[in-house]
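Per-chain numbering from 1; labels A, B, C and D assigned in written order.
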Amino acid sequence: MTLWFLRGLRRGVVTTRYPARPDASAAALPTPPAFRPEALTRALADRLAAACPSRALARDGDALVFDVGACTACGRCLAEAPGAATSSGEFELAATLPAHLVKRIPLLAGGGAAAPATEGGSP
Amino acid sequence: MTAVRAGAAALPGLLSQLGRDAADDARPVITVAVPAASLEDAVRRLAAHPGARLADVFAAGGGPAAGRDAAAAGPVVLRLVWGLDADRGYLITESEIEGERYPALSDIAPAAFYEECEIYEQFGIRPGGGKPLNRVALPPQAATTPGQAPPRLGRAPVEPPGDVHALHHVGGHAFEFPFGPVRQVGVESLYYGLVTSGEEVVDLYLFTWHKHRGVEWRLQGRTPREALFQVERTEGLGAVGNAWAFAVAAEAALGLEPPAPAARARAVALELERLYNHAAATAALCQSTGLVIGQAAAEIALERLLRVNAAAFGHRYLFGVVDIGGAAAGPDAAVLRRDLPGAYGELCRAADALLATNSFLDRLEATGILTQEAARRLGLVGPVARASGVATDTRVDHPGPPYAGLPPAVAAATAGDVLARFRVMLAESAESVRLIGDLLDAGAGPGRAEPVGTEPGGSQPRGETREARGGPARAGMAARSGLGWAESSRGEALAWVALDDTGRITRARLRPASVRNWRGFDDACRSQNVFTDIPIIEASFWLTVAGTSR
Amino acid sequence: MTDQRAASRSVPETAAELRRAVTRQFGRSLHIRTLDTGSCAACEQEIRLLAAPHYDLHRLGFFFTPAPRHADLLMVTGPMVRAFDIAARKTYEAMPGPKLVVATGACALGGVYQPDAFTHGGVGETLPVDVWIPGCPPSPLALLQGLLVAVGRLAEKVQDLSFIQNGTPR
Amino acid sequence: MNPLPVLAGAAAAWGLAALIALLGGTSRPAVRACCAVSGLGGAAAVAGGVASLLSGDSRVVTAGGSVVVGTLQLQATSLAGVFVALLGLVAVAIAAYVPRYHEPGRATGLYLAVYNLALLASLAVLAAGNVVTFLVAWETMALLCYLLVLRRPRRAEAAAGAFWFLALSEVGFVLIIAAFVILAAKTHTMQLDLIAARARLVTGGWRDTAFLLALAGFGFKAGLVPLHVWLPEAHPVAPADGSAFLSGLVVKLGVYGIALFGFGLLPAGPAWRGVLTMAAGAVTAAIGILYALGERDIKRFLAFSTIENIGIIVTAFGAAMTFWAYGQRLLWAFLLLAGLYHVANHGTYKTLLFLEAGVIEHATGTRDMDRLGGLAHRMPRASVITFVGTLGIAALPPFNGFVSEWLIFQGLFQGFRTGSHLVAILIVLAAATLGLTGGLAIYAFVRGYGIPFLGMPRTRPAAEATEARQPVAGPALLAVACAALAVGAPVVLAVLARAMRTVTGVALRPELLPGNLTVIPAHTKFSGFSPTWLAVFLLAITALPALIYLAGRPRAASRIEPVWDGGIVAFKPRMQYSAMTFSAPTRVTFDALYRPSVSVRRASDDPAGRSGPVHYESQATPVFQRYLYRPVIRAFEWLADVVRPIQSGDVNLYLFYVFAAVLVAYLIAAV
């Protein structure tokens, strides 16, 4: 056991300071996408919805409805529309209500961009 | 891949030809149509063939996929997958089964028993001889309350399962120690019926149906790429192995050949998966022996390896690396070269200290012994089999790219106890690190072979695929089918895929290594152990329930 | 055998009230029981790592307990296989109130599996979930954040996020 | 006061009871009457026993005589007093128990008649004033007990059990006769008190021979290993009250015999005699409890535990004799006292337990622990009473077993006072053996109570058991006695100390009871405790937390939830520890003694590894029957074949035998 004890001393502390301080390892984690409304059209939204294997994306009128809870950060939407979606980098996603996880992203590009900005954008 | 249609009589010739193909490394997969009448004879021949093992048994057809109106039921096609390790090839026998019975395979090749039970539950046909079967996937309430019966791949059994399933009755001076399904913190749900005389373990049986999610049923009607998402999440700790096997099967069916760098990228991921699994197994061994400091050391190594995964492939458990026809993500070679040695060093230091701790080794030695005979008979694979002196490793026996180029040295032991399994895991980890180095030197990166015809369905709205699930196709003698395999960290993972002409899956068979190795577990537990040894044995097998009840 | 008045007290209506009750009753120490309802074992691995040196949730006053009798918080992973209903219900009922349920991972949140004859496609309809932690699997850091949110020691962050790149006004 | 008249009254009552039973056994009122009378007799016997403890030995009364049985002489001695009182107590308890236990009928009438006569005979044994009376009474008692065991003669196992009892009892009887004959011949008297007085006339060799013969002879009745085999055979087949009588009293008569020779007739003796007795006792105790752990049948289990307790008592007696040899008069008397105390205690709780075993058997139809379970819910009264008895026999405070065993241990721990290192070590070894025994006894009775009464019912009869119309009064009385013998320890000890003065001539009182309810084992400044205060204290510390809880328990929600079972679909009775699995660790540790033969049948041995039914048996070898008794029996059968020719049926030949016999007799007389 002394062997282990000494090893432990030599090893030092590895424990994260989170939540007091941010943790560096979080940078490499897969995170849900963030979208650029300016780049989203209805057609693109439909393609994204089709590409999403976990049904996290769906188009509702002129808004892309994004269920963060269902998202597995698999990155297929990023591959599908490199311009319109990027990784959000957010990993602190715990929600107290499922509704908090459902986001509406307005489709500002292409047909009928102006109108839905208000109607689709308001949560 | 060569597909041959021939009777059982032609087998000897085929086998010899197989040997020749193997010489020029053609990865031969031979498909032989064997009429049900001569199936028994064929099984005898193959079981007697040197270096042949029954790798998997599964059925297809027998009604519309996803089990809707059973009126359209066709004949069930029974497929036996033989790993001809000596000849470096696979052989599939296809037999159409009319009626409810087929020759009892497990009397000739005991390894077939678990699959016989599966086939009974899913396709309603049972082996002759009338020996009792066990419940493996479908929950008891599925049998008792017809309303709750989940859909089956084929038709429902005709005989009531009550008459078919063996009763777990404990008599005499022993009792059943119930353990689970809700067990310790952070372990999977699993029920042990632990029959003990108060001290030693008399017998042990497992109920894994608590986690059966009908994955194979879900895959039907999807395109391989959609299905891949589900396959990765069937056994998270074996994601790469299973996904690779599935991808190879789909590629065989679609006639794709992944580009070399992508194949190497997959291999890097697979070896990383092996590394972190063996680290996790080490941590679990320490936990089960109550060596908390050792557990902490192993967990430091494990966490660092997972971070290496995340840095190199973007996912701690390497989801989304394998893609049909290639690799979706490639390793960041620089990161791997920089971080992997350190992380692996942690594991080595932990292992060295463990191998110098007698209180630890004493618990491992002569615990959970699994004889070579048992490992062979039950068709076990991976580190478990290798620790019992059955040195099968598909990376060597059935080398596909990129392993054909750089074959790994197979670590093996003969003791068959927990310590032997532990040592084998450590040796494999070292080998994996070496392989990763070579693979990176050879150059590994993402890439994808585009199909000859455009692969359909890839960009269809989900709704339609829901409708299309199952489709009209019969998964009998499938037009386009393929077999895939990979040496996952737990051993040989197999997959078989049949596609209809729209490129959707009519029948997908997943056989993670866990399915095989759980069968050795009770055998190992029964050999002279008291029941405090069971957690140690379980840790040394390092299997997942998710993999076996999928 | 719960008399109504007491029941209404020991099982608060809103999650916020519950969290206050938890903080009141347990101070800052909480015991956690996990429940695997059909996960792929990756979530389990991440939960195990919470106790590992890198994350060490004990420093935050969280402890794992194998007995639901001693547990205040239930971490549920997996899509809630129907065959597992009995075990899940028994486990939840075996816990003393007030109790929290944390749905952990995309499966538990309905991401990977859809409701069908095999699974409920998420734990939401079977157990009263108080906190939802997305991720496939959620990394230990995400789990820590979720637990801290569950006991009201960290503010929920996601409800203010728009997932709109370079923050277009909402 | 002279106890003899009282005892005569008891005897008369039992005679009358026997008569009533014989005449009117078929009618319930008659049975009640019989039991009432028998109970009165018991009360009288208690009184007489206590009286003879206090008033010392009475004169020897010659109550006439006859050619057949010789002169009938009676004497109430202090040594016998404890046994007489116990006899009375047992009689009262059984009298209260019988009416509900036995259905009226001719067989019952006969049985009760035999039983009451057996009480009478036992009393005669204890009150015998001379050798002939003793022997006649003894043999009568043995035969009557044989009939008790043979309650259901049609059953094969009943016949077998009864035969074991009778055969060993007869062998013992021969040895006892021999022992008495030696003493009578050397002291030229048949009268017991005179034999005791002239004991010094007997030369050492004869004296030791007589003692060894008596030890063996009475050992058969008392159940000293390896002479114990009849107990586990006879107890299960006798009716509950019968086996209660056997264990509660009859085996104690064997103990009485040993005490009579070791302390009454031949007090003086060499050290090895005591050491031998002590060793026999210690071995008996250890083996008895180990075999008890291997039993599923409640009555066999209790029978083996009786063997264990007899071992403890005999160990105390042996140690006492050893101390005498080293001039430690105080400890000599003290250990005899402790042993007698344990006699009384064991008689009380073992009778209780056997009676309750009968209740369980009637309520569920089985004695197999592994077919019972959960009776605490179905039979609360029985479970409480049994629990008292269990605490008593497991020697846990505040009940009586603890007091007497504590005293015995305290006596043994003073082995160093012998001054001889070897003997001191031997005595401490005996103490250690008893320590092991005590530990195993707790283990055994956790099992013996827990498996039948706690957990879930293992069979339908157990689930549907009911204790309505089951006897309560008798066992309840004994339970009270258990408590009284513990709490009232100072009084009991005072009485016994008085008796010890008569038996040993040693005055223990000041060293034993300095007042303030404490008990000092013989020598002051060694140790001491107060059973009374201990009982009070225990009650207090158990009551206090309960009160605190009741006072301060939260008024908020309280739910009653089922046991946490890991979330399995249904928790089944087969998932509980059974009697055999609970004691498996001992079978593993002591397999040299049990020599278990294990047989496993499991579906999973099928090469395909299919799982299914499992059957596991671990049977202990009956070592003594196989390796000791079987050869002896074989030898006798052989011998019988050899001597058969002698019995030819020729009258002349027989006349010659007579002549030869007479001749031999003359020659012996001449020498």
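Quick note on the criterion: contacts are C-beta pairs under 8 Å (C-beta built on N, C-alpha and C of every residue); 3 or more make two chains touch, one makes a residue touch a chain.
Just so it is clear, the structure is predicted and the values come from calculations on it, not from any experiment.
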item	value
Chain separated most widely from chain B, comparing mean CA positions	D
Length of the line joining the C-alpha centres of chain B and chain C, rounded to whole Å	31
Averaged-CA centre spacing for the pair chain C and chain A, given as whole angstrom	20
Averaged-CA centre spacing for the pair chain D and chain A, given as whole angstrom	81
CA centroid of chain C to CA centroid of chain D, Å	62
Per-residue multi-chain contacts in chain A, two or more chains	14, 25, 29, 54-55, 72, 74
Residues within chain D bordering two or more other chains	565-569
Multi-chain contact residues (two or more partners), chain B	181-183, 229-230, 233, 296, 300, 316, 319
All touching chain pairs, where touch follows the definition stated at the start	A-B, A-C, B-C, B-D, C-D
Chain B contact footprint on chain C (complex, rising order)	32-49, 51-55, 64-66, 68, 78-79, 81-84, 87, 90-91, 107, 112-113, 116-119, 136-137, 139
Residue ranges of chain D in contact with chain C within the complex	556-561, 564-569
Residues of chain B that touch chain A when the two form their complex	226, 229-230, 233, 293-294, 296-297, 300, 307, 310-311, 314-316, 319-320, 328, 349, 353, 356-357, 459-462
Partner chain D, residues of chain B touching it in the complex	106-107, 110-113, 131-134, 140, 166-183, 191, 193, 195-199, 202-203, 205-206, 377-378, 519, 522-523, 526
Chain B residues touching chain C - in the complex, by the definition given at the top	139, 141-142, 148-151, 181-189, 209-214, 217-218, 229-230, 233-237, 239, 280, 283, 296, 299-300, 302-303, 306, 316-317, 319, 544-547
